[in-house]
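Next up: the structures, one after another.
Paired with chain B in one complex and with chain C in the other, chain A is shared by the two complexes that follow.
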Partner chain A sequence: MSRVKLERVVKHYGNVVALRELDLEIQEGEFLTLLGPSGCGKTTTLRLVAGFIEPTQGTIYLGNDDVTYVPPQKREIGMVFQDYALFPHMTIEDNIGFGLKERRVGREEIRHRVGELLDLIHLPGVQDRYPAELSGGQAQRVAVARAVAYAPRVLLMDEPLGALDLKLREAMQIELRRIQQELKITTVYVTHDQGEAMNMSDRIVVMNLGLIEQTGSAEDIYNNPRTKFVADFIGSINFLPAKIVGDDGEWSVAETVGAKVKVPKSGASSSSGEVAIALRPERLELVVNGGDGMNVVPGTISNKIFNGNLMRVFVDVGAREPVVIELPPADVHGETGDSVSVGWAPQNGQVLME
Partner chain B sequence: MTISTPAATSAPNGARRRPGFHFPTGKVSFYGFCSLSYIFLLSPLVVVVGASLHRGTRYTVVKFPPEDLSLYWYTQIPDAHWEALTLSFGLAFMASMLACVVGIPAALGLVRSNIPLKGLFSSIFRAPLQIPSIVTGVAFLQMYYLFGDLTGLYVNGTFAGLLLGHLFVGIPYVVGTVGAVLQRFDTRLEEAAQSLGAGRITTFRRVTLPVIMPGVYAGGLYAFMVSFGDVPISIFLSAPGFVTFPVELFYGMENDFNPSVLASSTLVILFSLGLLLLMQRIVGLENLLRSGGGS
Partner chain C sequence: MKARWDLILIPSFVLSFMLMAASQIIFLRASFYKDLGLGRQGEDIVFTNYGRFFTDEFYLDVLWLTIQVSFLAMLFTLVFGFPVAYMIARLRSRWAMILLAGIVISTFITIVIKVFGIYIMFSASGIVNQTLMGLGILDRPWTVIGNDAGVVVGLMHFTLGFGVLVLYSVVQTIPRSLEEAAQIHGSSRWRVWARVIVPLSLPGVTVSALMIFNMCMGAFTSAALLGGGRVFTLPVLIQRVVIMEVKYSMGGTLAAVLLISVLLINLLSIYLMTRMRKQRLVIT
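Take a look at the complex of A and B:
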């Protein structure tokens, strides 16, 4: 049974369409991330599930209950905000115990439960402090403890790590994922950070302009992006403009920047119009001679950037932008200005509609 | 411009800081200016307090500094002053409480809602501050006469009549300060409370109200002080034998000045000072908890 279900949900703000028509199911215990640029509708979706806003059309279910017009306080949800939203005038214990008190849980039991939750978030002993006395990371963990204190039906998180610095953010990703798995709580997470989405999620929903572009596991979306938007949004990628010119049985044949290359067969590879070949930088090679069975495109090295464990090589192949290749520094032969060839195995190039 | 070496800094063009003693012109003028401001603000009070301690005779004029230190005039404060003080205190207390009761919902409505003509409503709530108090006093008196002629119920010269007038000038302060706090209020706090199961009333009682409380204290204090110190409105709305403290002082000074006025004024100054310190403590503490909590 799915925990959360949105059916044909549409949301307009005046003349602005925030969600076109959204169908989404979230399974019991699943960590689902809504990923996309600002204005894509991800936060709107989360706030619809929370009940802070009502949809223009469509139905929202929590479990078997239609909650479309149920106010948030009756939905049994837990919500974590980007700026923590801890109650500044209450101690940590009163913050975490807020939902329990609303549910008429006794004082002793609240004390006990708060202690357990502080152990869970690895922050024991802060019961009597005030939110202003905590660091950002600590405050956000307390916010999570507050949201899960009474075992809500779903945990909703709106860019919870957005206010933290990079190092702390990465540690918190692991921490949040651990808490989620320990509690086995159904979670909907909103972020615009693709790294964050990939680190934490069971499933990622990539959104753009109020529509779902693609849904799948991190691996699935990274390896098989269905649209140029998804390919571009998840990880870094090169696009070569191409046109399908033939078929050699196993592969489709495309012409790009003056060379004929083999590409996997797909919906897009049977199109006769303009397409793009999507190439991940780490799956490209600098080919010195031959490169048997590989697709090869000639070019000139225009720049090299040393990144520690990786060298990024920019090769001008005559497309609008140089092709970026990521290689272990030891594998890079050639200097800026040298003529080289960029090679890749045919299955690593993906044809996407322009 | 090139970066100069230490030697070059003392070259003629950069020679404003020579080694050795520098007269701290900036600091001296800053502290000097601050001191003058304080002297300006505090000297009238010092004179009143000081002069109240001068024994002198009944018909001494204000004598400062006091020569003959004594608390004599404190024993000579007439009963009328004590009665007027009690009335003023009760009036100011009630007026500031009621101003909060009316002002908080008004501020919420003005900041949160999307009612049409919001600007107009805001101006109406500010208007009492823009009308000279003397005009307000006359207007209220006229209104009371009209109301009395219509219903036979004359409220001028009664506690209720004074209270309404003082409420009128007190409300804008509460609306102003609470409105300012609400502008900065993080509405996510309310959403968080709702998501945790709190309904609208509980959310207001447990989250919104405690967080905006510094604004309520500040506005309430203003309303209290304005009511406590008001002459122009009260002078029209009080009745013989039923006057507020400032009006009593005013009449006293006009008819028969004697230094007991200074003594009761000193008591009021001390009372106000205590009230301010108390508020500073409460609001200051609240502010400490507020800051950083939501950021």
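Take a look at the complex of A and C:
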């Protein structure tokens, strides 16, 4: 178990910059997720830690050791691959014991340890089967067992649940998190699925175009996104184009789609240029009359979609896209075409730079 | 009613079958008659040709030599071809396509032209010998033309491109992530080969090896040209017996022996493979 540290790491592929300048530290025992769209540099970062590629610049530490140019087999890392990468010609026992055998552990001890690991992943008794005889979820659990068999310093996971169907994926998220916490192993997880990241991680690193956009807990990132990219990538969100026009003491005052609204003070709210007010759909309301102390923007209902536990109401307020509001179906009054007002408490609107 | 498009296959099947089977049957049938000289054959069915083949040391030596050179050419094709195939299969850039295209094109160039290239380069007055002698490394010309080594080189020339293509497709079936998985879990490059690449490619390599071996056993042009009329493999001898000596029956006998020995060697290999697979020494 060990801390991982990347210091000013840059990676170029020919003329393509995969990582601009990455500084990242993963604490001992922490479950850290690299989250971002494809091409954001998350997989490059993982492969740098694994040692499959070398950085163009910068240093990578495992614990206190500089491993920047140490080959993968000498890094004492475990890794779970997207396609499981189980060895088809070996039994489950030989697969899980692979790393132990490379470390010259004796046969009896391997046998014993594999038994323990199969208990850990709740899959006892499959020692003599072959990977082709397992289901996707079972194969993935075996891949995890193989990766942690020799108590590696760090566990890396590269979109390990991408090939599974939705239900199984959710069950596996809980399973992986349980295994990680039981072993207290430092884990770096890569995914493009924000739900997955939020369900499992101690800390999330949102990446875009080879840079870290924001680092923080799931709650932190959801409630206080620092950039439009992060706000947009995590959960769904509305953006209203706005301009800061004043200050009334407690709040900044912004003008958006023809209305004056109060917004929390922040770095962006002292800007004089174009900004955006970010609004989560579940923190918006349909206001019937007045709405004391709330920001209110008039509009027309353009569409309603029933989603079971909630109703999504699309309100055209004159911005480029309709504002989406999520409400319990019983709270929705009004039909498509009706004039309504969209309201929110000032602290629920966040000003972000355009 | 649905159109039975598969019926279209029948004429081509009949035609191929006739061409393949008819010529083989005529040849094999001829092997049971006695050569009377000048292309004439006797009327009674006899086994004297086969008797002669299996009692005359000359013929047995020819069969044994054919198997030897074919085996060596197969072995060297695998040894030289596999690393090339592996490298191309693991290239990420468009060089992979360029290299493959180069190999395909050179494979389709007729063997006569390719062999004459070797002929010119390795002849006593060719560039290789002139250079080596000029540098004082050799004091007299060394040549591959007209000896067994030359035939092996010629056969390899014939099979190498094809071998690389087949082995390339074998390597491609092994996901790169398996190599990475082995590496990250502690295998050195060497161990990755021993524990992952070799066992996973073994079935495909065995099939490739048989294909290459079969090609060599039946190869006439490269063996004839680089043998220089002095090395007799079975195909070369068949040509000589049929065209120069006009002994159709003996030619038929030699062809039958070639066919059956190739068949036996293949069946034996498949039998051994199946047995190894049953013992889980090789993956299925």
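Note that the second predicted complex is superposed on the first by the 352 of 354 C-alpha atoms of A that agree within 3 Å, B and C clash if a C-alpha of one lies under 4 Å from a C-alpha of the other, contacts with A are read in each partner's own complex, and residues count from 1 in each chain.
Just so it is clear, a contact is a pair of C-beta atoms (placed from the backbone, for glycine too) under 8 Å apart; a residue touches a chain by one contact, two chains touch by 3 or more.
None of these values were measured; they are calculated from a predicted model.
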Overlay on chain A: chain C relative to chain B, clash or fit: clash
Let me test your reading of the model: by the given contact rule, A:P131 touches which partner, first (chain B), second (chain C), both or neither? first
With both complexes superposed on chain A, which partner does A:P329 reach: first (chain B), second (chain C), both or neither? neither
Quick check for you: in the superposed arrangement, does A:P88 touch first (chain B), second (chain C), both or neither? both
Classify the contacts of A:F52 with the two partner chains as first (chain B alone), second (chain C alone), both, or neither. both
Partner chain in contact with A:G106 - chain B first, chain C second, else both or neither: neither
Between chain B (first) and chain C (second), which, if any, makes contact with A:G78: first, second, both or neither? both
In the overlaid three-chain picture, which partner chain does A:G246 touch, first (chain B) or second (chain C), both, or neither? neither
Mind sorting out which residues of chain A both chain B and chain C touch, each in its own complex? 50-52, 71-73, 75, 77-79, 81, 83, 85-89, 98-99, 102-103, 146-147, 150, 156
Which bits of chain A are touching chain C when the two form their complex? 50-52, 71-73, 75, 77-79, 81-83, 85-89, 98-99, 102-103, 146-147, 150, 156
Sort out for me which residues of chain A touch chain B in the complex. 50-52, 71-79, 81, 83-89, 98-99, 102-103, 130-132, 146-147, 150, 156
Touching chain A in the complex: which residues of chain C? 175, 177-178, 180-188, 191, 195-196, 199-200, 282-283
Can you list the chain B residues touching chain A in their complex? 186, 188-189, 191-199, 202, 206-207, 210-211, 213, 286, 288-295
